[in-house]
Amino acid sequence: MPISTTSPTLGVGMVGYAFMGAAHSQGWRTVGRAFDLPRTPVMAAICGRDRARVDAAADRLGWAAAETDWRALIARDDVQLVDICSPGDSHAEIAIAALAAGKHVLCEKPLANTVAEAEAMVAAAEAAAGRGQLAMVGFNYRRVPALALARRLVAEGRIGTLRHVRAVYLQDWGADPELKLVWRLRKELAGSGALGDLGAHVVDLAQHLTGELITGVSAHTETFVKERPLPDGSGVGEVTVDDAALFTGRLASGALASFEVSRFATGRKNALRIELNGSDGSLAFDLERLNELEFYDGTEPASRAGFRRILVTEPDHPYLEGWWPAGHGLGYEHTFAHQARDLVHAIDAGEQPAPSFADGLQVQRVLAAIEESAEKNAVHTPVHGAQ
Amino acid sequence: MPISTTSPTLGVGMVGYAFMGAAHSQGWRTVGRAFDLPRTPVMAAICGRDRARVDAAADRLGWAAAETDWRALIARDDVQLVDICSPGDSHAEIAIAALAAGKHVLCEKPLANTVAEAEAMVAAAEAAAGRGQLAMVGFNYRRVPALALARRLVAEGRIGTLRHVRAVYLQDWGADPELKLVWRLRKELAGSGALGDLGAHVVDLAQHLTGELITGVSAHTETFVKERPLPDGSGVGEVTVDDAALFTGRLASGALASFEVSRFATGRKNALRIELNGSDGSLAFDLERLNELEFYDGTEPASRAGFRRILVTEPDHPYLEGWWPAGHGLGYEHTFAHQARDLVHAIDAGEQPAPSFADGLQVQRVLAAIEESAEKNAVHTPVHGAQ
Amino acid sequence: MPISTTSPTLGVGMVGYAFMGAAHSQGWRTVGRAFDLPRTPVMAAICGRDRARVDAAADRLGWAAAETDWRALIARDDVQLVDICSPGDSHAEIAIAALAAGKHVLCEKPLANTVAEAEAMVAAAEAAAGRGQLAMVGFNYRRVPALALARRLVAEGRIGTLRHVRAVYLQDWGADPELKLVWRLRKELAGSGALGDLGAHVVDLAQHLTGELITGVSAHTETFVKERPLPDGSGVGEVTVDDAALFTGRLASGALASFEVSRFATGRKNALRIELNGSDGSLAFDLERLNELEFYDGTEPASRAGFRRILVTEPDHPYLEGWWPAGHGLGYEHTFAHQARDLVHAIDAGEQPAPSFADGLQVQRVLAAIEESAEKNAVHTPVHGAQ
Amino acid sequence: MPISTTSPTLGVGMVGYAFMGAAHSQGWRTVGRAFDLPRTPVMAAICGRDRARVDAAADRLGWAAAETDWRALIARDDVQLVDICSPGDSHAEIAIAALAAGKHVLCEKPLANTVAEAEAMVAAAEAAAGRGQLAMVGFNYRRVPALALARRLVAEGRIGTLRHVRAVYLQDWGADPELKLVWRLRKELAGSGALGDLGAHVVDLAQHLTGELITGVSAHTETFVKERPLPDGSGVGEVTVDDAALFTGRLASGALASFEVSRFATGRKNALRIELNGSDGSLAFDLERLNELEFYDGTEPASRAGFRRILVTEPDHPYLEGWWPAGHGLGYEHTFAHQARDLVHAIDAGEQPAPSFADGLQVQRVLAAIEESAEKNAVHTPVHGAQ
């Protein structure tokens, strides 16, 4: 059932089939049904280590073939784009190999578990770019329409000179006392805790929305519950990642930024909230109400000024041309269709999509500075390469 | 790419490819990727009058074949379910023929443009039921998870004895002074204006959520702008449908209900809001924030009671087992996947899905009573068959 | 402790010392401390039937003297203004006598329990006006700053041609199953139930904010709980007033209005909500958030338009010159200080303050039409004198 | 007009008559009208340096006498309580002298401009306590009913083990480019900028609501606009205080705290927001909606849990026994009446009211640690005396 028999295709091979794999699949499945595309994505093959489970995933998610070795996936002729949805410790190896094999790459965030890995990925991406291959990191929240609109308003100068960025990303699943020592709580697998999982998103958004880099940070991290029952019931084990992180920083312009990420914010399910205050206006967003953007226009007379709730569902709002009439809201998963749309266009045009691997590396450097500051009694720590 | 090679299939044929057609397509395309189903829906054929356009729609929306005559569509062997998304004046004829041809039927709301048509459809559905065929009307908002949760809380007795239902459905596209005399503003095509388009939804929801019928109504309707430019630029024509309707009524239990629907509520894009007040609690919902349900538990001590915002994204909320982790919101279109899920289960089980054609007829009778009351100076007018 | 030894005084005599008496006292006590006034109000005397209780009230509320007969109060030389806060069945007699005695009069809403009483009061006020005496009815919510701002925005044309008014006033104390048969539930004392108590406010506001009269109504009323325990424990008695009323109507311009008032809206404590939709914009207000006004400016580009929350605490917002810096909210009782401010200015200038007794009579006529419609099966019933 | 001729009086003498003087006056004027008090406050005398202006203030605000020397005020026999509303640099001298003169003292926040001054004040207060005199610092926001309720819920254990405190206090008047170099922007007069003005409040609330001390902090401060026009038009001068401060810290239990205060948060007028997350629940408050408290009860089943908006106007909510029926909101100024109520009761009972001068000193020490950390590159800095 091709969307178009006339446009060229783009074969996609995806690594991973858990939460992110399902979300990316929905993006690839839907993007050509909602948007006009210069190439038609084809869900060519999916890859996972367990044969039975990857076959079931291919069947359920709609991939034409299944592989159990990512090397086989990237070797397939019908795959032009490798979409990496596996855990962070595998990103560097797969991405570098895929680029070496001549494929375009989309890699889930965080780009890698370490700065060194990320640097290697950037080098590989830059080399590949010379061969016409593109690499993109999957900070999908940039493509929530309300946040894309926020970026547009900032770029138009509507908030004036930036003064403050204030961002939190709060969840509460860690507060469950019966939670076991899952892989996300082990440093050797997950790299970090709330910091890499949630902090990477708010760091990327803060830099993307403002168009500025974070130059230095001061940070506290904390692990509230130090031991958890082992999943196999054989006793307890140590939690080796952070449950929460607080960090403050400065942006290149001198604006101040404050951040908090936590898995212990009882009642907050997915509260990525970000606010920007500038000399002429302010913007505020909450992912739990993702179809809305609040905008304060400080150039209005004070007697009529107020934070307005823009319902970001109008035809001329970013990405809305593909969807429903005004007022019919989108959901979380639509960000993956938007990401796919922009990547397909970029590949067709041969232009670098944003965010690049270099953007992902910059986020990684901020995370590294946060960890360094937290270890050094919160002292302000410069972000490498951002000064 | 079948979802499962072992489960039987269910061939779907759809009539219409505009807004509702695109939304239903997204439902059929997605449902088997998100939910476990006893039968695998197959998007067999789509039907539209214009060959080029229906071919393009099939291509874009992912249907395997395209027909230009609905009679051909319902005659296809690979179609077991006919999904009717064409305008209201075509519903009765197609649905009755499809049932006669031995197909299951899903028909968009409103069931028909007149009570007489709806009655004929109910008769056909009842006859077909004896042959094991099922018929359902597409009031998709029943399957917004927050509203499904509301229904569950009412059924559990959590709001006690019902006192009030208060519902509005407000949009604002009619307030555009440059709006032309489109088909939705002509009675011969659309049947009615805001009443059938928006009023049908709130009437159905009021009855569904409360589990009670509306027994009588008092109504005002209004056409604010009496003439509009003709689309072809040849002058102006008369607007022959209502722009807004206000109606109040009584439910079977003696509870009071108030309703307002309008296309002239400037700034309200898709504000379907419904509140229920009972002796023990209250519920409130707004479609512009469709992942939320407000619940007031009146059995709490007054000093700690308050309307709570339930983020309806938990794993044990209705329909959420198929989607994302807590806090990751859904959008408008998911209602169509939920509708498809329940219909596939019902067909497999041979059980009548809700809402039935009889439920659709009951809504039609309420709309007829509203029109009658509006013509008779708002006098309270009984709803036929609801006493 | 006079506020000013140079400005003339205005002696106030108040009838009643319950909730409204305490609220008015706070207004008179505060007004000269917050605002510049041309005359200094003096809390000269308070009146109640029970000597011990009225003495205690004078002491508590800060009145210089206490009377047990309202005739004695209005005869006092140190009283130039009679402020009537007693129940509605006493308003006409006291107001007419006070006017005959040469006093200015402020009378709590509703103006009277019947249209006939209100007509007699208007006649007395008009005769007294020729002698330089002023009469005002106490619809205090007109002087919530957010609603005064709303009126200003409507008058400036910022919402364009009016299409809809939508107002509710919801409370929930009636839903308490142990509530006794208090005087407010007996028609012979209270005149009506939710209708006069809550409905009078929304009718006045709808007319005041729009600058239009309600020309006709269609109404349902209901008494959900028909019998209540007598306060003295001697058995049960019949509830003879409405618990709730729904009414719809038309304004002079052809705009539609919908209203609902209830004492059975569980969880809604004081939810007076009013929304106006016009061709160019909309306004929305909720008394539970009385420092806020929502404004939608439909002349903005759709991509940046949204309901803005104006925090009505800026120095140039109505009445705010007397209070605190921006952002420091006011409460319910401030409306009585604002009412007092405007009345003192009007008396000093010899100009009729709004709302007049005639405005109060007009509200009474709307309430009478509502009751008539409710008795006549909701048929649309013209409001006397409003066509 | 004494409130009661039988209860003893409490003569109050107030220093200062600007914003805080007016607010405190409203508190003293009102408290005995709303609450039952064991002693009747008498507004005996007010003090300011300018004779004409203090006479006018006495007249306007309702004080019986006026002094131009605070030494004369505290020497008056009719003054038993000295209420200090003058700028922070005068607090120590006046408070210590008043205590030496045998008076009770209420001192506005911040207690002093330096830790050394605050320590001297605590010493004086402790000595005076032995003589039966009481001293209190005016952190009025503790007595917003919603925050008093929050404290009650924490003390009842309803949020369980504390994990996070998150507080901001955001205003925007500093963002006005035409703002002159007023005294609040000069360190020699104001001590600090947003930190002392706004930060003192959030530090006190964080410690009060949680019942824990802040043990250490990491801080950034910033002055965005370095020069401002002089008020006399003679050129520009340097801004010597902070415009904004960000600080993070740890509480005694190991919970994390994050704070931000700013005068450059465009559109935020008085946004003191504080959220507490515990193992069993969360609380959230916003001063711009001061009659509301949000409470998440994590012990509810997840499918029905949500942040509930408690309208803190019920009769059994803190301080509400003195005011209006449920749903009738209070304003900013009511906090001063509540403060007066509790202080009068404490004086009558001879019991130390909270917050004490020692509590004020503790806040001062946190502010000093913030300034020290900001100077030392944000390194985590212990709070003296809190370990």
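Going by the order they are written in, the chains are A, B, C and D; count residues from 1 in each one.
In the analysis below, a contact is a pair of C-beta atoms (placed from the backbone, for glycine too) under 8 Å apart; a residue touches a chain by one contact, two chains touch by 3 or more.
Remember, it's a predicted structure, so these values are computed and weren't measured experimentally.
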C-D compared against A-D, more contacting pairs: A-D
Chain at maximum distance from chain B, centres defined as averaged CA atoms: D
Interface residue overlap between copies chain A and chain B, same or different (over half shared): same
Distance from the mean Cα position of chain D to that of chain A, given in whole angstrom: 42
Between chain D and chain C, distance of the C-alpha-averaged centres to the nearest whole Å: 35
Overlap residues in chain C, where contacts from two or more other chains coincide: 305-307, 311, 326
Residue ranges of chain B in contact with chain C within the complex: 159, 163-164, 166, 168, 170, 172, 175, 177, 218, 220, 222, 224, 244, 246-248, 250, 254, 256, 258, 260, 262, 264-268, 277-282, 296, 298, 305-307, 377-380
Interfacial residue positions of chain B with respect to chain A in the complex: 1-5, 19, 22-23, 25-26, 29-30, 32-33, 43, 59-64, 171, 173, 268-271, 287-291, 311, 313, 324-334
Chain C residues within the chain A interface of the complex: 149, 153, 293-295, 302-311, 314, 316-317, 326
